[in-house]
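Look at the two complexes coming up: chain A is in both, with chain B in one and chain C in the other.
== the complex of A and B ==
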C-alpha cells in the first residue's frame, strides 16, 4: 500500500513539478490569503495580550488605582507614607505627553523601577550590570528607555538626549523596551518630575491586595484621594473590540480573494491531470487509494501554504503594527507592545482554515471526478457541462445568500453579525457574477453588427474563456468592491470628521494644564485686548451602563456650545434644542455613542451620577462625537460643579481677537504669566493636524490591505490568462496555421478579458456603494456608535478602472511574451505523425 | 482463462435504449492472442471495457482466472487491473509529467512486481534506451506507444487488453510496433485480446473473431 501510494503521489505531484508557474500561483494564492489573514490575527491576539498584561507596567496586576478626585495629582508624600505604613504593593506613576520639534507627540511614562512588583530589569544580567543599569536609570542625568523602533522613527541615537519642541530635553536615550512599554518612553519618576517641573504623581497603582487591606488602605487616604477599581483591561477590550472585528473581517476578505486564486489554480491542475487520473484508474488504482493520495496532497498544500503564509503574516504584522499601535494609543489610550508574540494557536487556526479552503477547492472537485466512470470524467464535454452546472448552482446559491442577507439585515445587533451579513452579500454578488458575465456576453453578441465577424468571434470566445476566467473575475469583483466600498467609507468619514472638527475646534488656542487657574486670566486683566472669547470646561470620569463615561460641564454660552452640531434634537430645530438645554434645568445632551450603543432616545429621562447622588436628566439633543470611544454627557458647567464634588478642569479654549495682529504672542505671554509651560497649549491648526494625522494613520492599515487584495486579484487574473494560453496553445497554433496574425490571436484573448473586466467593474460600483452603505448605516453604528452621511463620488471608481486596465495590459504583455516563446513549438507539433 | 456467457449491454441515448451486446459468449485460453474485429460502433471497445472492469454489464457473466468480474466490487476490480491485467490504448495514456522510465515502471510499481532484467530487455527490444529521461511530449507517437507497451508488459500480466494500439500510427510504424507487441506478449506468457479494424494487424494474432449485431463469430 505504501509503495503504491508513493507512486500515485509521485504521479499526481509531478504535475506541479512540471508546471512550476502553476505551483507558484497556487502557493501565491495560499500564501497571500493566509498571510493577510494571519497578519491581522497576530495583531489582534497581540493587542489582546497587551491589554491583558497592561497591568504589568501600569499596575502590576493592579486591582486598584489611587488618584485625585479632582485630577490634581497625588502628593509624593502620600506615597511615601503609605509605603512606610507597610503597603509594599504600591508604586507611583506619572504620565506625560510631549511634542518633538517636528510636531510628533510622544507619550512618556515614569515609575520607580525598584517598587514594581514585576521587575523590568533583566534578571539574567549579572549583578554588576544590573546595578549599573538601575543606577543609570535613577540618577541624574537619568536615562530614557526608548523602544528601538521609535528611536529609529525619531532618528535618535543611543546616548543622545532628544530635544523637545519647547526646548526641553529628555534624558539620554537607552535602546531598551519591555513588552508593555509599547511605543512609550520610560523614565524614572525623578526624571519625569525634573522634566515637568512638578512634584506630583499622576496616580499610585495598588498591586495584589486583600479586601481587608484594601479597606484599611482606603481609610488611610486623605479626603482628596480615592481608590478606584482598575478596569483598564476590561475597558480596553470593550472599546477596541469593534476595531479588531473590522480588521478580522478585512483579513477574511483577503483570505477569500486568495482562495479564488487557489480555485483557479486547482481548476487548471484538474484540467491537466484528467489524463493522469484516468491512467491511474486504468492501471488499477482504486478510488480509496486515489482519495488517500489526494487527501495527502491537500494536507501537503495546507501545511506548505499555512507555514509560508504565516511567516508572511508575521512580517506583515511587524510592518503594520507600529501604525496600528500608535492609533490604538491615540484613540483608546491602549498600549500595544512592540515585540510581536506569535501564538501557536494562531498558526493552528491558519492551518485549519487553509485546510478547509483547500478541501473545498481541491479535494471536492477531484472527489467528484473520481465518482464518475473513468472515461466520462476525462471527457472535455463533461467539464464543459460541469461549468454550465456550476454557473447555475452558483446562481441559485447567490439567490439564497441574497435572500438570507435581506432577512438578516434588519436584525443585526453587533459587529460580528454585521460582518457576517456583509460576507453573505459579497459572496452572493461574487457567485452571481458568472451569470451576469454570461448575460453580458449574450447582450453584447446581440448588439454587435453582423458584418463585424472578427469582433463577433472575439466576443463569442468569451464562452470558451469563461471557465478559466470565472474565479479570477470573482476575485477581481471582490477586490474592486472592497476598494470602492471601504474607500467610500473612509472618504465619507474623513469628510464628516474634518467638517465636524471645523465646528467643534473653532477656538484658536487650547490650553490644558489642570494646575492653571483660568479665572486669573480675566481677574488679573491678562486677557485684555487680545481675547475675544473663552470656554473653560470641567469634567468627571465615571462609568455609565458599564462603560467608561465622561460627564462634561461646558459653558452653554461659549461660541462652540452655541453651534454644537446635533444629529437628533427635541423641538423644531437644533438651535431650539440647544436653547432648551441652556435655559431649562434638568436637560442633558448626549453623544451618538450613548444613543446607538445604549439605546437612549431624545426625550428619554436618564440618571447620571453615582449611587444616591444620581439625578434624572431629560435628553434634548444628540451631538456628533467622532472618534470618541466613551459615552459622553454635556451638562451646563454649573450643574456639574454642583452635582459632582470631584470634578476637574478639562482645560480652556481661547478665541483670539481677529483685529489684534499680536494676539497670538500676547496670549502666549499671558499663559506663561499664569504658570503654564510652553507645551501646555496647542493651536487650532496643530490640533487639526494631529487629529487628521491620527485619522489617516488609523486607516493606513485599511489602505495597505486594500492594495494587497488588489494585487492578489491581479495575480489571479495573470494565472487565468496563462492557464488559457496553456490549455489552448494547440488551438491557437491551428488558427495561426490558418493564417491568423499574432495580434489577432492576442486580441482574441484580450477581448473577452476586457469585456469581463468591464462588467466586473460596472457591478462593483453599485456593490461597493452597497458595501459602504452597510458599513456606514449599520456596522459603524453598532460598532463605534456614530453615524455620518455617505459621500458618493465616482472618481475612485474611475481610478480603479484605470488600475484594472493597467493590470490587464501588464498581464497581457506577460502572456504575449510567453505566447512568443511557446508558439513555435506548438506549430511544430501540428500534424506531427510518428 | 477468460469465459464470457450471455453478456448483454445497452446504452440509452435521447431516451432510446440501444443494445450493443446481446447474449454474447466467448472463451479464451491462457497465452493465446485474439483479434476482435468489427465495424465502427459494433461494441468492440464496450466489450473490452467490460472485460477490464471499467464498465458493468446489464446481464450475463464474465469470469477471468476464476473470478466473476461482472459482480466483483470496484476495489477488487482495481486490484485485478493492477496486477493481472493491463491495457494498451490508441491514445497511449502516458502520465505526461513523469519521464519515460517512471512511466514504464509505474504499473509494475503499483503491483510490486519489479524485474530489472526484464525491464532492460523490454527497453532494448522497444528501442527506448536513449529515451528514458525524456518526457512523453518529447517523443514521437510511435515511441509513446512503445512506452505504453513496455508499461503494459513489465509486470507480466495474465491478460493484455489492447484497443486499436496502432490506430494512431502510420502504416510502417504500425507493422513494426505490432510485430514487436505480439512477440513480446508471447514471450511474457500473457494472453492478448486486441480490438482492431485492421485485417493486417489482426493477422499478427493466433485467432480472429468478429463482433456483429452484438454477437461474436469466428473470422478467417
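== the complex of A and C ==
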C-alpha cells in the first residue's frame, strides 16, 4: 500500500516539477495570502498582549494611579512622604508630549529607575558598559533612551540631542527600549523636569498592593489627590476592538485574493493532470488511494504555504508595526511593544486556514474530477460544459449571497457582523463576475462590425480564455474594489476630518499649563489689545456606561462653541439647538460616540455624574468628534464647575486680533511672563499639522495593505496568462504556421484580457462605491461612532485603470518573452506531429 | 572594614553584576576628595555624610538572644555613593545615591532585603546632627533616629518582608578609631579609608512576624567608614570579623586577599574598658579551617570558607569561629556571605559571638 501510494503521489506531484512556473504561482498565492493574513494576526495578537500588559508600566505592575483630582500633578513631597510611610510599591511618573520640527509628535515617559519595583537591567549586558549607561541616564546631562526603530524614523544618531519644534533639546540619545516602553522615549525624572521646567510629577503608579494596604494608602492621601484603579487594559481592549476587526477583515480579503491565485493554479493543474488521473485509474488505482494521495498533496501544500506565508507575515508585521504602534499611541494612548512577539497559536491558525482554503481550492475539485467517469473527465466538451456550469452555479451562489447581504444589512450591530456582510457582498460580486464577463463578451460580439473578422476573432477568443482568466479577474475585481472602496472611505474621512478641524480648532493658540492664571492672561490680552477672544475650558474624567468619558465644561459664548458642528440636533437648526443648550438649564450636547455606541438619541434624558451626585440632562444636540475614542459630554462651564468639585482646567484657546501684526509675539511674551514654558502652547497651524499627520499615519497601513493586495492580484493575472500560454501553445504554433504574425497572436491574447480587465474595472467602480458606503454608513458608525458624508470621486478609479493597464502591459511583456522562448519548440513539435 | 563590601554594593547599585565585581572599588576616584593620613575625626560632625568622598556607609550588626536563649542576629546598613565628583545639588538632579541592606538571622532561617534610592529628594539620607539636633539615617521607611544630639540613644526600625523589627540602641562605651586615629590603610599602595567603630552598643527590641512578637536583647557593633578608593588593583575580596567575647573584650579583624597570597591583615583588640590596640599583619594569625558548599539561592551552589581560627599571639588568644548557620548568604545585587558566628576558645568552650563577612566568593 505504502509503495503504491508513493508511486501515485510521485505521479500526481510530477506535474509541479514539469510546470515550475505554475508551482511558483501556487506557492506565491498561498504565501502572499497567508503572509498578509498572518501579518495582521501577529500585529493584532501583539497589540492585544500589549493591552494586557497595560496593567504594568515599564515592566512593573501598576494596579492603581495616584493622581490629582484637578489634573494639577502631584507634589514630589507627597510621593516621598508615601515612600517613607512604607509604600515602596510606588513609583513616580512624568509624561510629556513634544513635537519635532517636522511635526512628529513624540511621547516621553520619565520615571526614577531606582524606585521602579523592577530592574530594567539586563544581566547579560557587559557590566561596565551598563554601569556607564545607567549612570549617564540618571545624571545631567542625562540620556534619552530611544527605541531604535523610532530613532531610525527620526534620523537620530546615538549621542545626538534631538532638537524640538520649540527650540528645546532632548538629552543625548541612546538606542534602548524596555518592556512596555513602546514608541515612547524614556527619560529620568530629573531630565523631564529640566525639559518641562516643572517640578511636579504627573502621577504616581502603585504596584502590587493588598486591599488593606490600598485602603490605608488612600487614607493617607491629601484631599487633592485620588487613587484610581488602572483599567487601561480593559479600556484598550474595548476601544481598539473595532480597529483590529478592520485589520482582520482586510487581511482576510488579502487571503481571499491569494486563494484566487491558488484556484487559478489548481485549475491549470487539473487541466494538466486529467490524463495522469485517467491513467492512474486505468492502471487500477482505487479511488481511496487517490483520495489519500490528494489529501497528502493538500497537506503538503498547506504546510509549505503556511510555513513560508507565516515567515513572510512576521516580516510584514515588523514593517507595519511601527506605523500602527504610533497610531495606537496617538489615538488611544495604547503602548504597543516594539519587539514583536509571535505566538505558535497564530502559526497553527495560519496552517488551519490554509488547509481549509486548500481543501476548498485544491482537494475538492480534484476529488470531483475523480468522481467522474474516467473518460468523461478527459473530454474537452466536459471542460466547456464545466465552465458554463461553473458560471451558472457561481451566478446562483452570488444571487444567494446578495440576498443574504440585503437581509442582513439592516441588522448589523457590530464591526464583526459588518465585515461579514461586507465579505458576503464582495464574494457575491466576485462570483457574479464570470456571468458579467460572459455578458460583456456577448454584447461586444454583437456590436462589432461583421467585416472586422480579426477583431471579432480576438474578442471571441475570450470564450476560450475565460476559464483561465476567471479566477484572476475575480481577484482583480476584489483588489480594485478594495482599493477604490477603502480609498474613497479614507478620502471622505480626510475631507470631513480636515473640515471639522477647521471649525473645531479655529483659535490661533492653545495653551495648557495649570500654573498659568488664564483669567489674568485674558485680562492682559484684552487690555494690551492683541487678544480678540478666548475660551478657557474645564473638564472631568469619569466613566459612563463602563467606558472612559470626558465631561467638558465649555464657554457657550466662545467663538468655537457658537459654531460647534452638529450632526443631529433638536429643533429647527443647529443654531437653535445650540441656543437652547446655552440658555436653558439641564441641556447637554453629546458626541456621536454616545449616540451610536450607547444608543442615546436627541431628546433623551441621561444622567451624568457619579452616584447620588448624578444629574439628569436632556440631549439637545450631537457633535462630531472625530478621532476621539471616548464618550464626551459638553456642558456649560458653570454647570460643570457647580456639579463636579474636582474638575480641572483643560487649557485656554486664544483668538488673536487679526489687525495686530505683532499679536503672536505679544501673546507669547504674555504667556511666558505668566509662567508658561515654551512647550505649553501650540499654534493652530501646528495642531492641524499634527492632527492630519496622525490621521495620515493611521491610514498608512490601509494603503500598504491595499498595495499588497493589488500586487497579489497582479500575480494572479500573470499566472493566468502564463497558464493560457502553456495550455494553448500548440494552438498558437498552428496559427503561427498558418501565417499569423506574433503581434497578432499576442493581440489575440491581449484583447480578451483587456476586455475582461475593463469590465472588472467598470464593475469595481459601483462596487467600490458600495463598499465605501457600507464602510462609512455602517462600519465606521458601529465601530468608532463617527459619521461623515461619502465623497465620491472618479480620480482614484482613473488612476487604478492606469495601474491595471500597466499590470496588463507588464504581464503581456513577460508572456511575450516566454512566447518567444517556447514558440520554436512548439513549432518543431507541430512539425513532428504533422 | 566591612567597607569594601558595602562599597561594592554601592557601586553596584543597582546595576552591576560583573565578572569583576570589585572593579569600581579599585577606581582611583579621580576628582573626589581623597583619604589622607593625619585627618582628625570630629564628632558629631563625622557621624554625618561626606558627599565629597565617593563612598560611605553606616553599618550595624547585632548579636541577640530571645528569652529562651536562642541566638538571633541582624544587619542594617545604609550606603551612600556619589555618582560624580560634581558639586552636590538637591532635587532629582542630585549626584548622590543610596542603598540599604537589612538581614536577620532567626531560628527559622536567614532573611534579607535590599533597597535603593536616589539622593537629593528626601527618600533616603543621613542628617547632620549639628543641623538637625538628632541623628537620622533612613531609606524609605527603614530608619535610624536618635533621641539626642548623638548617635545614641536611638531607635532603629525596619522591615524585611512581613517581619517588622524595632530596636532601641544604647551606647555603653566609647567610639573606637580604627587604623591610625581613624585613618585605615587598606594596602601598601596607599588605598585607605576613614574608619571608626562603636563596638559597645546595648540592643533591645523585638521582631514581629505578623503573628507573634519575639523580644530580643544583645549587643551591637556599628562601623562607619568612607573613602574614594578603598581597594587596590590586586585585591580580590575580604574576610572580616567583629567579635564580642564573653569576657568583655571585642575583636575586629580583617584580611584583604591579594592575588599573590600576601594578604593585607589588620584589626583592633578592644578591652572591656574601651581601650584599643591596633593589630597589624604580624600580630594576626588567620587560618581557614573549613570550606563548605551552600545553596546561594540563585540556582547555584557556592563554596564558602565558613570556619576559621584567629590567633593573637601578643594577647595570648586563640579563637575558633564557626557560623551559627551556614545558610546566611546575601543574595543581593552583589552577593556575599554575612551572618552570625559563634566563637570558641582553643579548648572548644563557648567564648563569644560575632559577625563574619566574606566577599569575593561569587
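The working rule: the second predicted complex is superposed on the first by the 803 of 834 C-alpha atoms of A that agree within 3 Å, B and C clash if a C-alpha of one lies under 4 Å from a C-alpha of the other, contacts with A are read in each partner's own complex, and residues count from 1 in each chain.
Note that a residue touches a chain if its C-beta (ideal position, glycine included) is under 8 Å from a C-beta of that chain, and two chains touch if they have at least 3 such contacts.
Only a predicted model underlies this, so the values are computations on that prediction, with no experimental measurement involved.
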Query raised in the report: With the two structures laid over each other on chain A, which partner does A:11 touch: chain B (first), chain C (second), both, or neither?
Result: first
Report task. Applying the touch criterion given at the start, work out whether A:607 contacts chain B, chain C, both or neither, answering first, second, both or neither. Result -> neither
Query - Contacts of A:83 with chain B and chain C, given as first, second, both or neither - result: second
Report task. Based on the superposed arrangement, let me know which partner A:287 touches: chain B (first), chain C (second), both, or neither? Result -> first
Report task. Go through the superposed model and pick first if A:451 touches only chain B, second if only chain C, both, or neither. Result -> neither
Report task. Report for A:411: first if it touches chain B alone, second if chain C alone, otherwise both or neither. Result -> neither
Query - Of chain A, residues touching chain B in the complex - result: 3-4, 7-8, 10-11, 14-15, 17-19, 272, 275-276, 278-279, 281-289, 373-375, 832-834
Query raised in the report: Can you list the chain B residues touching chain A in their complex?
Result: 49, 52, 54-55, 74-75, 78-83, 85-87, 89, 93-98, 102, 106-107, 109-112, 135, 140-142, 169-170, 173
Query raised in the report: Okay, in this complex, where on chain C does chain A touch?
Result: 11, 13-20, 23-24, 83-84, 91-93, 95, 97, 115-118, 121-123, 138, 140-141, 159
Report summary line: Contacts from chain A onto chain C in the complex sit at residues 76-77, 80, 83-86, 88, 112-115, 119, 121, 123, 127-128, 130-131, 134-135, 138-140, 188-190, 193-194, 199
